[in-house]
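Next, two complexes with chain A in common: one pairs it with chain B, the other with chain C.
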Partner chain A sequence: MSSQSYIRRPNRPLQVYAAIFLIVLYVPVLFLPLFSFNDSIYVKFPLTGFTTQWYVELFHREPVWAALMNSVRVGVTTSIIATGFGVFAAKAIIRYRIPGRGPLVGFIMLPLVVPGIIFGVALLVLLSQLGVPLSLYTVTIGHVIVCLPFAIATMIPRFEGFDPSVEEASADLGENAWWTFWRVTFPIVFPGILASLLLTFTVSFDEFIMAFFLSGSDPTLPMYIWGQLRFPKEFPSILAMASIILLVSFIVVFIGQWINRDAQATTLANEEDK
Partner chain B sequence: MSGESATSANSGSPKPPGTGRLGRLLQRSEAARGLSLLSPTLLIMFIGVAVPFGILIVMSFWTQIGFGFDTSPTVANYENFGERPIYGALLKRSLWMSSAATAATVLLCYPMAYFVAFHIHRNKMIWIVLITLPFWTSYLLRVFAWKVVLGYEGVINSALMTLGLIKAPLEFLLYSQSAVVITLAHAWAAFAILPMYVSLEKIDKSLLEAATDLGDGPVRRFLRITLPLSMPGVISASLLIFIPTTGDYITPALLGGPDGAMIGNLIQKQFGAINNWPMGATLSIILMLSIAAIALVFMFVTNFVRKRIS
Partner chain C sequence: MKQSDAYISIRNVNKLFGSFQAISDVSIDIRQGEFFSLLGSSGCGKTTLLRMLAGFEMPTSGEIFIDGQPMSEVPPHRRPVNMVFQSYAIFPHLNVRDNIAYGLRKRKLSRAKRDTMVDEMLELIKLPEYGDRKANQLSGGQRQRIALARALILRPKVLLLDEPLGALDKQLREQMQLELRALQKTVGITFVFVTHDQEEALTLSDRIAVMANGRELQVDTPTRLYERPVNRDVASFIGNMNFFEGKITGISDHRASVDVKGLGHVTTTNFDAKLKPGVDICIAIRPEKLILTENEPRNTGNKARGQMDKAAYLGERSHYYVRLDGISQPVAISAQNRQRAEGAPEEKRPIWISWEDDAFVVLEDG
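Our next item is the complex of A and B:
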């Protein structure tokens, strides 16, 4: 016990380091809201005064609303499709002995690692060879591929955390596979599904590279922002837009992670047991 | 992360009796059931990943003529890559810059992962969520934030000038390789921390007690037990950052300027302004091959070193 506490005693320098780390992690992003309320089109110190005009101006801009709606449509569709497939994939990966599972899972998780630009151009080449015109649909296809690994990774701890004998009991009591899924499996993994919907929606909503290569004439919100970045006088309104998007993203992701926290905690605890 | 969970979950294998003919058929073999559940995902990934890759490879052997393609196979694009030094130089620079970003990220994140794994006992999840939260939010906007911070009249320059510490803005901050490296390291921090945290968390604490009882000080204990045992996490963190950052496009486009351009920018130009898709395909393939080669060498070397040490 004494050596235990020796190892576990607080480490002052490390605590300071952790605090600095978190500050550095968040501070660059916090400058966006700070300057979005600044009464100047120049993004620099000293601050000149408080204003909400950039937000008001944003509110009256037609293309912003159009781009926002595009992003929401793509995001909702993507999150539903990715999560739908993700549930079954995560269940298959955790529950069944599948031959060649390692390589298969590795293949599915590729979009997490391979540079987005490669996927973007590869899909662009495929679609153009098939003669498919670029549109929000093609962006959605790209986003589903990007989001599927996230959905599966979010759902895997859920399936790991629940006892398969509950499903067996349901089957033994005469439920068929379909009703077992709806009445036993689904309620148990539901927090995971909700978390996955929220997280994949955010990933899709914020995704830029796939949208860059695969969108047609309708821009998503990140594409619209990208277009505005060329004009220095648009900087303040981009700051306002970025602040709103980041705030909403942070909240949505936090809720998503929070809903799923006990599953993740179980996984971490399992790791500790091993 | 997923590989970890996949191996741990091999145990439970329910075989509920099937009802209906299809159910019986599906439930006859566990592998078949698993595969049938996995098949929609596999199909999507096959159509969305494997097929496009195949076509990309094929296209790299084509030639651009005006707005069409000459589809007779030729290695001219690959020869072109060898002959024109700009391509090789950009590739080398990309690999160098993302190596620097990877090294910086792993070194800076390791203490943080260590802190959460060993010194946080309650509310670990909050820490993990706090660290990974920015990673989920818009990459474009996080890069844009760095543009605001590092800009010619940005946060750092204008703050230093207001304080009277410098007379003219520091020009090396924006549009430089260091700007790109800083931004990449910052943007991918969460990705680096997770694998390192998991492998640190898995270390059996009684090993550390044993080392202490046998007379090792904190430094020796760390070097002989903690560090070697956490190497798998360090290795996967390095790969998880090195591979995607090499092909990054947004950061060099917004912060790199001419000196900080990377191969991703060139690939984008081939599909945009330059309009030479086959060359863009060739560059993508070469990028993938060099990343794969470096990743393999890296894994081989670290494995070798680890075996020699233990």
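Our next item is the complex of A and C:
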């Protein structure tokens, strides 16, 4: 026997699989930044030359900025609402012995698997029945539904990782539920809250289907991009924009994961204590 | 005990979790300044009872009074009790000083005053250098002491401790036992201490409630629990005990005469006055109260003949098992090795056992 364990020993087919997997996943994405610097309005090989003109052009376009601001507003509002709900939902799921907890969690997580188009149409029907005009607010409602599972899934490990008797200790030392939340629960789950804010923001920021059904006259950024795809002339600057979004999303999600990196570790440590 | 000297009074408390009865009709009175222990095996309801005192669980029926006040409507943060949790529950995001000062927010103290109080506490728990440490940089024993300081700084009337020494190694545990006991005497706070370790309960407590299956079996001082257990469960839970079957043949002058199977005639004053002659009873004696001799002891009637069965040499003491005629179970005897031991006694050798007057206890259940 070699010194490596059965599980840990190198596995050639698995390594090849992993490499192919990553290539298939990311190479198409890498074409975006590649062509966004290409000196041609046609997206095809061979590359003709290096330019930053598409980025400059993007910078001078008024509607791009308006759409960006719309997306940021919707994203910020969505992330705050979804994370707020997510904190309390995760706390309730972990802390209280709720009858039918399994089905309930499954139900909350449903938007992850149900096609967005179904939720989009359903909400559209509902809102038009109620006579609510479509606007960025209705987009926000749709986005909260889409983002809630992400917020809850981020918060649950934080709550699993901390000992409920810490909250009892706070009550025992004289603090009521409100102060206990602010002095104990909130600081302990804070990294999870940050991670959830960042994650739900990025999910909302590039969500298209809900926005497609629910937005009024103000487009979000993905809506704007969709609209511009009809004009081949605009395409390279769309690529430039997509590249920027890609980079920013990547950074934001990475920061979120990094802030929340000890959630899993704390959970494990607590398991060992038991 | 009169109702009036009870500082904590638990009255006919029941607790059900769903259909499971965790506490059954418990009534206990605890005096002010007392070191009171709840002793019982795992799952007997000690933590549940303590959590009801702290207010984290509500009795299904019955009432708890603290300082004469009924507690049913009082939430945990308004009760005059503080708790040291089984898991310590140190706040992981705060350093040691902030952990200890946690409960002082509402007191509206000046910063300087608060700092001196925390310093005093750090001094008391012998961790003066550790104020700036984070909770995850502490050992189990240090956490335990911080959990204690965090509660003591509020000067509670009652401190509830849930197996606070359970996670510590033997040496630290014994040291902390002494410190806890000394601390309790200095601060004069009522301690309600949960443990499943009978030795710990005996050394620390003024009084002990022995619990089993959600009931209190006996509430008494350590000596009385050991010397006069009320029933078989208490007797076998605390220390070792030899049990015999017997029948009361006569009672005169607070002294019961008992006809004991395998031993013959035994008299004792340790019995319940309610018992009448003619009833079948269980009678018991501690292994160290039996005296083993080669030859028939003179000038005592308290003796019986037997046969050596087994012996175990434990250094400072030896355990012997002796067979008596008419009973299947060998009788355990524990003797100090005052003289140098000369190898194991041979098996089947005839020997004598004897005992002093009143060494036997008559137990409630027959």
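In this section, the second predicted complex is superposed on the first by the 257 of 274 C-alpha atoms of A that agree within 3 Å, B and C clash if a C-alpha of one lies under 4 Å from a C-alpha of the other, contacts with A are read in each partner's own complex, and residues count from 1 in each chain.
As a working rule, a contact is a pair of C-beta atoms (placed from the backbone, for glycine too) under 8 Å apart; a residue touches a chain by one contact, two chains touch by 3 or more.
As the structure is a computational prediction, the values presented were derived from the model and not from experiment.
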{"item": "First (chain B), second (chain C), both or neither touched by A:250", "value": "first"}
{"item": "Partner chain in contact with A:165 - chain B first, chain C second, else both or neither", "value": "both"}
{"item": "Partner chain(s) touched by A:188 [first = chain B, second = chain C, both, neither]", "value": "second"}
{"item": "Touching partner for A:103 - first (chain B), second (chain C), both, neither", "value": "neither"}
{"item": "Contacts of A:173 with chain B and chain C, given as first, second, both or neither", "value": "second"}
{"item": "First (chain B), second (chain C), both or neither touched by A:131", "value": "neither"}
{"item": "Residues of chain A contacting chain B in one complex and chain C in the other", "value": "163, 165, 168, 170-172, 176"}
{"item": "Complex contacts: residues of chain B adjacent to chain A", "value": "1-6, 8-10, 12-14, 16-20, 23, 27, 30-31, 33-38, 40-42, 44-45, 48-53, 55-56, 59, 108, 111-112, 114-116, 118-119, 121, 124-125, 128-134, 136-142, 144-146, 148-149, 151, 153-155, 157-159, 161-162, 186, 189, 198, 201-202, 205, 208-209, 212-213, 239-240, 243-250, 254, 264, 267-268, 271, 277, 280-281, 284, 287-288, 291"}
{"item": "Complex interface listing, chain C residues touching chain A", "value": "54-56, 75-78, 81-83, 85-87, 89-93, 102-103, 105-106, 147, 150-151, 154"}
{"item": "Parts of chain A lying in touch with chain C, wherever the complex brings them together", "value": "162-163, 165-166, 168-176, 179, 183-184, 187-188, 273"}
{"item": "Of all residues in chain A, those that touch chain B in their complex", "value": "3-4, 6-8, 10-11, 14-15, 17-18, 21-22, 24-26, 28-29, 31-32, 35, 42-46, 85-86, 88-89, 91-99, 101-102, 104-119, 121-126, 129, 141-142, 144-145, 148, 152-153, 156-157, 159-160, 163-165, 167-168, 170-172, 176-177, 180, 199, 202-203, 205-206, 208-209, 212-213, 222, 225-226, 229, 238-239, 242, 245-246, 249-250, 253-254, 257-258, 261, 264-265, 267-268, 270-272, 274"}
